[in-house]
Structure formats: structure tokens, C-alpha cells
Amino acid sequence: MAAKKRIAILGASGYTGAELVRLLLAHPRVEIARLTADRKAGQEMADIYPQFAGADLPRLVALDGVDWAGEALDLVFCALPHGTTQTVIKALVAAAPQTRIVDLSADFRLADVHAYAHWYGHEHQAPELQTEAVYGLTEIYRRQIKQARLVANPGCYTTTAQLPLIPLLKARAIEPARIVIDAKSGVSGAGRAVKEANLFTEVSEGMHAYGVGHHRHMAELDQEFSRAAGKPVIVTFTPHLAPMNRGILATIYVETRRKRSAEDLHGLLDKAYSREPFVHVLPLGQVPQTRHVRATNHVQIGVVQDRIEGRAIICSVLDNLTKGASGQAVQNMNLMLGLPETTALEARAVFP
Amino acid sequence: MAAKKRIAILGASGYTGAELVRLLLAHPRVEIARLTADRKAGQEMADIYPQFAGADLPRLVALDGVDWAGEALDLVFCALPHGTTQTVIKALVAAAPQTRIVDLSADFRLADVHAYAHWYGHEHQAPELQTEAVYGLTEIYRRQIKQARLVANPGCYTTTAQLPLIPLLKARAIEPARIVIDAKSGVSGAGRAVKEANLFTEVSEGMHAYGVGHHRHMAELDQEFSRAAGKPVIVTFTPHLAPMNRGILATIYVETRRKRSAEDLHGLLDKAYSREPFVHVLPLGQVPQTRHVRATNHVQIGVVQDRIEGRAIICSVLDNLTKGASGQAVQNMNLMLGLPETTALEARAVFP
Amino acid sequence: MAAKKRIAILGASGYTGAELVRLLLAHPRVEIARLTADRKAGQEMADIYPQFAGADLPRLVALDGVDWAGEALDLVFCALPHGTTQTVIKALVAAAPQTRIVDLSADFRLADVHAYAHWYGHEHQAPELQTEAVYGLTEIYRRQIKQARLVANPGCYTTTAQLPLIPLLKARAIEPARIVIDAKSGVSGAGRAVKEANLFTEVSEGMHAYGVGHHRHMAELDQEFSRAAGKPVIVTFTPHLAPMNRGILATIYVETRRKRSAEDLHGLLDKAYSREPFVHVLPLGQVPQTRHVRATNHVQIGVVQDRIEGRAIICSVLDNLTKGASGQAVQNMNLMLGLPETTALEARAVFP
Amino acid sequence: MAAKKRIAILGASGYTGAELVRLLLAHPRVEIARLTADRKAGQEMADIYPQFAGADLPRLVALDGVDWAGEALDLVFCALPHGTTQTVIKALVAAAPQTRIVDLSADFRLADVHAYAHWYGHEHQAPELQTEAVYGLTEIYRRQIKQARLVANPGCYTTTAQLPLIPLLKARAIEPARIVIDAKSGVSGAGRAVKEANLFTEVSEGMHAYGVGHHRHMAELDQEFSRAAGKPVIVTFTPHLAPMNRGILATIYVETRRKRSAEDLHGLLDKAYSREPFVHVLPLGQVPQTRHVRATNHVQIGVVQDRIEGRAIICSVLDNLTKGASGQAVQNMNLMLGLPETTALEARAVFP
């Protein structure tokens, strides 16, 4: 049997870190060699995530203490906060240029350094790497991901919306100027950050929109939709917080071009994803539920004809921590390391 | 002190019936004289809703056993299932023509008997009453409601969407052909009906759309939006089920006419509702949360400028059992019986 | 009509503060004259609790800015954190000795200054007031509360457990040494404090015990149970956190004395509370649910015979923010100010 | 590679059936050859559990249509309702005596036919098989399970309570007459049965006890505790319904014998389970949370010293659908078929 690949997770104490550990512990071909978490350095992973009691995992260490060159890591997952990631990865690449990287932050998702500066309010700290980075929406960029040294793992909202819309935009089947994306997310998308707005009492038994009109994920949507359409596209996008742990549902309102019907759109998506292991297009007229992809790397997409001719409603669901973050990261890792793409990702939903 | 008004609730065993009892027990000017519930006849209300232990309430009786003429009721709330209501109200009116009625079903909401037949698949059983009935969206039809014998209380989804949209359509401020309503509802909207789809395990920890493209509430929306716009309007409307007991959030996407801004829309709504006790328009750019109107008759509306010029996003929230059903029914009762409109409805949200 | 009583709430920005505002806004005989909240001073209550949009409430001010003597307050609710309360109340009493006080913290609940020092790890800062304070379990100390200047409002867990147990201990009907209290609480009991342990993601979809073997509320239990039994009593008590906003359920395991049956215990409780407006003893063998007292001042108690002879299981439920805190505080206020005890507290549960 | 074992699931449309499918799809050594579900016969599993879209599974068939002899099944999971199972298994054994069986119902858990008749109100229909059946609490009966033809998989409540208590009773470390078990369960334990009491609106945002004093699972507890203690033991046991999908927490109150401390009890449990892959005894004084074993076959046990000398509080958690039902069933299958015991069961909790 081949030697196991040596893997590190930077920022293992967040929810995407814990989800990476959950997935990788079941992966037969990798070894978790390093876990970093600055504020929790010195603790065991099981101290902060008791579900790992008894698992064979390295103790958490501070980021600064890691000798990148000496570790001989095959791949590093970077699950650090947005903004701090650029300098960390720059240093890592300098010290260990052979090590592959999957970055789960937003820091390398925008290919255009100007767009980055516009949305994030400061110059990018590693512009040459930003140019090199491959956007990690696996089903769309599989070929480039295999070769990439640095993959910018997409956001959870954007993955949910891009998978159904990119094939339709590429086929010129919908009006790019008339896309409305109404997205509902579980609370784990906010991470383990301790904020009043994320208290149980503030989130349970209610719903609300947030970031209306100006959410940062829009830059990612703009970039990929424009690439797909071959011209600038901006969309209306509204995220909402739903009282659940996991799951994103994007309800997408589109207008068809050239008298195409919902059935036509369904056919395009069905064809685009017929061989994909993780993207399931439901029969025309059926809608998916987030709970049926809970804790999995699967995406389910439904297409319904609106009662207004020329319009269709598309529902897309995934688990924000899995296909929306750590699952897609592992999927990308599998490709980058030459492993079967679905390894450790074949689980079906925990439902109920 | 004036004598208390004699009130009956038909179909008291459902959630809207229980909500009526909750509100009316705190009403100083009415007496709950009769409660009917065919399958629970003979039981106490506290047997099926233990929150009423110790309250002074009449025993549940079967509908057939009520002598409408002899009861001398001032007003009857009809909280029976859609479809069965028409014949019940027809008989009631025949026996006790002085008794006022607030019907919480959908049976009398459509003024057009042809529209009714189209959406419900059968002829209306009381077409002359259908014509007489006043649509009970209080803030819009207050004057007519005061005089009405029969008020058709609006649906919960439709109340949520109509309150923000009707003033804008009347003012010709938005494009009638470009309205998208994405609505999220708590589970109590489905009533106490025992269905697999409403089990805790099927609803919690997840979201999904339902009735996409063909929900019956659309007929009500069409009717009122067309009245407001002065021409036929049909909209895109998608209801979703959210894992919470109470609350509806409608996220509404509109395009403005004649270069109006979100600020203009906000101004129109602010003016329309500035004297309304139950409709609050938040400062421009703020969005409401369903939990902040929980168990109240209040509506909160927020208006936000989209990043795409000429588009605005409007969020409207209410409690589907209160302003969306029983609360608005009591508000209408107050008007019909000449009582102060806000009596028994001034409670602020139970939050957290 | 009599002039309204002037009321202040110190610490209005917490959940018990908001619950006091909710209850008092519906109280016809009081006026909320002052609201303090140090960190939120200068803001409107509606800024931090949007459910109060449009309500007529004073702006939040800092505690230090209040002129106790000049305000001529009839009663002050003190909803400040445990520990800081003693010096605040000491100053208040010195400046305005006529003003009555209901303190919702734990600071004045223990009559014994030594017990206080033992459980809280420091000397009491106002020992003379500690001696004066009346323990505010309304149904047990109604007579003393009416006369009291300073009422120490009981904790939510302790109210839930004391109401069923005190009559049984007084009647020598159960073994004081064999009481086990297993309590389950909603998350709002933890207040609006921003802690990782109270995040939605950490609390939803799961249960756990906490403070096992050493919870501070035990001192309150000891004190009142010993008073009732006429001899020292200590009990086994375990609090648990349940994924819900409101509600406490105490499941209490007792052994009867002198061959008494569960029916005998039920009879004792039924008699003790037959005239109480807020305490309902269910028929023998029935058990209550927290949701049926949600957002109310009601308590429901059920008594069941265990299959082991000589043992009974008692379930007691209340809403931790209402009867467990702010509701009981208003009940006590009503008594202290000579108002009808149930004013503003008669609401029935918001269910579903 | 060895041929895959041929497996059938009878009653695959319930939640334990779906959980078996979820686990077995990830099992490299078994093949799901047959799925029965009488009312859903003819449908695909993905029609009733959309999480299985795209999975390679046999169509659901009616039980009567299965030719037990011809199927050459290695093992059958029986997930049928209590009561109907006896005759089904009797027929299966007669037709295919070599096929091993894991029964998830309660029908074969009581070795004593008289106890069965007492608790279930009728004679057992297959008394000879009842005698043969091995009680499937894996950690306690591993040796017998390996040889058994028919394993009676334990109930979820009983597994939670038995794992911590059996070693203590065997060691004579606690008073058998003084055990109180207060258990809290998620709603999936009630199955997919459509009952008003299990609606989202009836279960969310609240807690209550049920079956107080007379729950059928007590017979199982009695049997196993008496075996362990070597004399008749009956305990006080109260189940509660908590607003969550999965998880059981048993809070167990015990009195030690011969001046043993909580530390002694902890030591006994630690020793009993030190080599067990699925039972984790936390450090003394720590308590487990159900969410940290969610969707896993793991059990976590915590032991805490009560403040009353001679008493300890033990918390035990598991997932009612996994270790409490289908997971333990697969664990038993692995033993019965000579496969590694942990295969397909090593997943760590889905948290958050």
C-alpha cells in the first residue's frame, strides 16, 4: 500500500477545521500530521471538540512553531480567518514550495487584485500568488485544480449558486441581467466566533436577512458568472440566517432567453452533471431539502417552471460545512494528490 | 360598563382557534360564549390545549348543535378548514342575519366566482355571500370592514406581501411585472393537521421550498395587486418552510419605475403607515426579524437599496398566527363591533 | 383614576430587563419612568430590542446619572449582574429610603451572611439589607412581601423546585434526605451574555448537564427547604441545558413518609394551591409541558406514582423569564404597591 | 477479496431502516440485497428518503414476496414494529435456518416469556425463539452474540442506561434499590409514525416527561440489572422528549455501597471500558453532551461526585438511531459474520 500523504490543517479549532478532521479521519490515504490553532495551542483537539475523544490526532500547536520545510507536508489546508491568510501562505510557499495548499478563506478567490482591493478595502499582500491561485469549484475547474499548487476553495453561498447557474450562463440560456438569488443558510456558516447575533436565543425561532445589498460574497459571484457568460454579470443576492446548524438553500429566480422553458434549463443541468458523483439534478418540478444533504458532499438541484412564462425557479442545496467548505476542500485535495476524487466523501445524509 | 359582546369560535381546536382564545381571554369587552370542534366535542378546551387550564371557557360542542338564532351572538369567528366553510356560513347567515362573521378560511377571499372555481376546482357554494364579503386586510379596507357583515380574513403569506406592495403599486412606483416574492414561514401555518411532512424530524434542521409555481395563495395576491395597480398583475411567489413555530418573512425583489430609488419607496411606505398602530416601517437600510413580532399583531417592514440600480429589496415580517390570522381577525372584530381597534392586540413580542 | 406608579428598571438591556418592559407596557397602573443600561446608555430600547419599535419608553441612561432622591420612584427593579447589585442597592436605599425594590439578582436571597460568604467567596457588601430582605417566592411569602422594602426575587430553578416541594416538606410528607431534582432549562436563563457555550451551534440539537454537584442555586434550595422542613435539608440537584429559548422542567424524585402515596402528595399540593391564580396542580397522573406555560406567569405541577412503592415523581414547569424572573417580580411589585396581584400577568401561553 | 455478505432489511421505510441503509452503504463487506416496506412496496428508497438519490439500492418490495430460502441471505435486519415481528421471524427461521437475524424490535428482548406476557399483554408467538435469542448489548454479550442466530438488539434508552450501570452492579458498588434514571431523548426515537404529539409545533421549544412510572422499556432494564446484580432489581426511570432530532442523555443518580466514592465508580467504569472502541469514560467530573456523539456509534460516560456524600451522578449519552439502534445492530452483524467489529462504524460526530 502506498504511503499515506502528510497533511496539516492550519486553524483547526474553527468549525471548518473540525469538519476537515472529521472527514480526514475516515480517509484511508492521508495522515493528519499537524494541527495548528494559536489560541488553543497546547490543547488536544478532543479538549475543544469532544467528539474526537480517543482519536489519534496530534496536539494543537501555534502556527509560528511549524517548520514548513522540515515537515515535508504533501498538502496544507488553511482554515484561517479572512485577511490573515495571505501572509501565512506567502511564508509557507517560500519555505516549502512543493507543498500544495487548499485555502478555505476568501483571500485568494478573486483573480483580479483590483476587485480584491475594492471589496476588502486594502491591497492584497501576495498578489503573485493571487494570480497563480485556481478557483476551487471542483466540477467547473477540475482540470486546473489537479495541477494547482494553490487552490482557493469557494465560499458556501457561492458554491450553492454557481453550480446551477454556470452551465445555464455558459449556454446563454438565461438572461444574465435578471438573476435573483435568495439564499438561506444555517448558523454554522458564521463559524465559532462568539457574537451576540449568533447566540441560540438570538437565532432560534425566527428568520432574517442580513448583508442585504452589499455582501462580500458578491465579488466571487460576479467573477464566476462573468467568466461563464463571457461578459460582465452582476446579480441580486440576499443571504438569510435560518435557525438550523447546517445547510444552505438558494432559491434562484431566472428568466430564460430565446423562449427556452424550465424543461430546457433542466435538460442543460441534467446533462452538465449527469456524470458528477456529487451533483444530483432532481426530476423536473421537484425541489430539494437541505436536510437530505446534511453532513455530505452532495448537492441537489431542482428546476421548476414558474407560472409566469419565460421564468423558472431553481432550488439548490448543500451542506455549508461540507460541500460548502471542508468537503469540497477534501475533494480538491483528492484531485491534487492523485487520489480517487470521492474518497472519504461518499457518505449519505444524516437524516433525520 | 357596556355589556360584553357575545362571541363564538367555530373550529376552536385548530391553532388559529387556540390563538383566538388566547387573544380574546385578554379582551375586556368580549365574552367567549361558544366554542365548537366537531371531533373534540364534549371536551374542555384545556384538555386539548393545556395552556387554558383554569380559564373560564365553555365546553367544546359540535357545530350542528348550535342554535344560531337563539344564541344571539354578536360575532362569529369561523376557523374551519378551507372548503367546508361556505355551507356553514350560508346556514349561519340564514339563521342569524344580524350576526357578524370573520372567516379565517380562504373560502370568501376571492371576489370573482370564476377565479374561485379556477383555483379550487369546484363552483362556490354561496356565491351571493362571496360577492358581499369584504377582504379583511385591515389597513387597506378599514372603512369597508367596519360596515361588513362578512369579512374574509386574508391569508398569512398574502398579508405579509400585500402590506408593503399595495402602497407601491398604487403609487405606480414599481414595475408590476417584475415582482419576486420569496417567503419563509414557520410550521404553525400548516395547522395541527397530522401529516408526515410536519413531523419534528422532517422539519427541524433544514429548509425547503414547497408549492413552487402553483400555490393557491397566488389567487389572493393576484386579486389585490391587480386592484392596487389598476390592471392585471401576476407575481412570482415561492413559499418555504422554516424550522420555527411562528413567523413569516417575505423577501421581496422589485424594480422601480421612473428612476425611483429605494429611498423613494421607503418614503412612500413610511407615509402610508405612519399612523398605523401595527405597521412599522424601519429606517431605510434596516431589515426586520420575525422574532421581533412573535406572538404580536405587529408588522415590520424594511427597505434596502440593491447594488443594482433601479432595484430594491423589501423585507416584511409578521406572526402568521397573529397578524397573519387570528390577530388580524380580532382587529377586524374590533372595527366591526365599534371597539377600539387595538384592544387586546397591543402586546409586544415574546423575545427571546 | 389613581396616578400611575413610577417605576425604574436597572439593567434593562438584559433579557430579564426586556421581559420586564414587555410585561409593564401592558400594565395599566404603572409608568416606566427610567431605564438604565451602562454599556447601552444613550440608545433607545428599540435599538437593542426591536420588538419595542414605536413604544413610548425613556431612553437608556447610565446608572450613575440617576438622581434617586429626585426621581420619586415608587419601585425599582434591579436586573443587574450578581455581585454588583449590593452596592447599587445600598446607595439607592440611602438616597431614597421610601422607594421599594425588587432585586432579580441572587445578591439578597440568602438570609445568612455566612452562607452567602461560603457560596460566593466574599463578604456581603450590605449585610444589614441582606437581613431585611424578604425572599420573594410569592405564594409562600405573600404577607411579608406586601410589607417589604426590599424583595429578593427567587431564581428560576429554585422557584420551579420550591413550589411543589415546600408544601410537602411542611407537611412532613416526604423524606427530606431523599430528594433528587433533575432540572432542564431553556437557554434564555443564561442571559444575553456572549459566550461560546451559548452559541446556536453549541446548544441546538443536543442536551447536557452542567454545574453538576456544585451549582450556586443550591444555597437557595437549602435555605428554603430547611425552613420548610424545620431542620437542615440538602438535596441532589442537577441542571441541564435544553435546546429551547424558554422554559424549565424540574423532574423531582421523592420518597414518601409514613406510607403516604402519590395520591396523598397530590392532595396536599392541590389543597395548598387551590386558590392560587398562577399555580395549577394537574389531575393525578398527568404531567405538564413547558410550552404550555410559555411566556406566562403560570406554573403547572403534575404528580405521578412511581412503580416502586413509596416513591413519587413530580414534574413542575414554568417560564424561566416570566414566573422564573420578571413575571414573579411584577407579581411582587403588585403586592408591594397595593395593586391587584394578577395585573398584567394573566396572559395564557403562546402555544404553538 | 472475499465475496460480500448478502443482507436484507425488513421494514426499511422507518428511521432505523434508513439509518441501516446509511451505515451499510459505507460498509465494504456487505451488499444490500433486499429492502422490504409493505406500504411503500414498488417505490425506490430515494423516493421516500431523498438522501439516497443516485445510490445503488434494490427497489422496495412487500415482505410477503420475499423467498427466504431462495435469497441465500447471510443476515437479515428486522426493523418492523413491535408485535408483528414474532411471526415474521418465525417464518424466516423456518424457511432459511442458516440466515442470521438482528431484530431491532422489542419482541425478543425479554428472555422470560412470563415477563413478556405481563408487559405486552399477550402470549409470545414464538417462545422457543425467545429463549434462543441473545440480548444484543454488544459490550456485555459479545461472546454470545458471535454465535447467535437471533440477536435481540437492545432499546435506545436501555443501552444508554445499561452501559454505565451494569459494571457497577456487577461490582456491587452501588445500591441496587436506589437507582434513579432521568432520560432525555430526541424525537427520532418515536420513528416516522404520524402522530399529533410528534408534530414540529408540538415538540419544538419545550420539554416534557412521558410514560412516567410505566414505560415498557422498564422490563428490559429490570432483566439486565437483575442479571448483573444477581438479584431482583427495579429502578425508577423517567423518559422525556427533548426538542432535537437525535440523542439520548441519561442522568443517573446512584448511592454507593461500602463508602465507595464517585472516584471509585469512575475507576470501575474506566477499567470496564478501557479497551472498548465505542465506549468512552470521560475524566472524573466531566459530563458528556449528546451532540458530540451525534450520528455515531459512540457512547460517552461522565461520573461526578454529588455534594451529598455517598452519592454520584452519572451522565451517559449516545445517538438513539445509531448506537441506540441501527449502529449497534451493525456492530452485532459484524460480530455475527466474523467481520471486524468496528467496520462502517468509526465515524466521528457530525458537530456542529
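First chain written, first letter: the chains are A, B, C and D, and each begins at residue 1.
Everything below uses one rule, namely that contacts are C-beta pairs under 8 Å (C-beta built on N, C-alpha and C of every residue); 3 or more make two chains touch, one makes a residue touch a chain.
What you see is a predicted model; the values in this text were computed from it and never measured.
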{"item": "Length of the shortest touching-chain route, subunit B through to subunit D", "value": "1"}
{"item": "Comparison of A-D and C-D by number of C-beta pairs in contact, larger one", "value": "C-D"}
{"item": "Computed distance of Cα centres, subunit D from subunit C, in Å", "value": "40"}
{"item": "Cα-centroid distance, subunit A relative to subunit C, in whole angstrom", "value": "46"}
{"item": "Geometric centre distance via CA averages, subunit D-subunit A, whole Å", "value": "36"}
{"item": "Two or more partner chains touched - positions in subunit C", "value": "15, 187-188, 201-202, 204-205, 243-246, 288-289, 292, 294, 352"}
{"item": "Complex contacts: residues of subunit B adjacent to subunit D", "value": "15, 187-188, 192, 194-196, 198-205, 243-245"}
{"item": "Footprint of subunit A on subunit D - complex, ascending", "value": "15, 18, 21-22, 25-26, 49-55, 187-188, 204-205, 245-246, 280, 282, 288-289, 292-296, 298, 300, 321, 346-352"}
{"item": "Residues of subunit A defined as touching subunit B within the complex", "value": "180, 182, 184, 186, 201-202, 204-210, 212-214, 218, 234-236, 238, 240, 242-247, 249, 251, 253, 287-292, 294, 304-308, 311, 313, 315, 317, 352"}
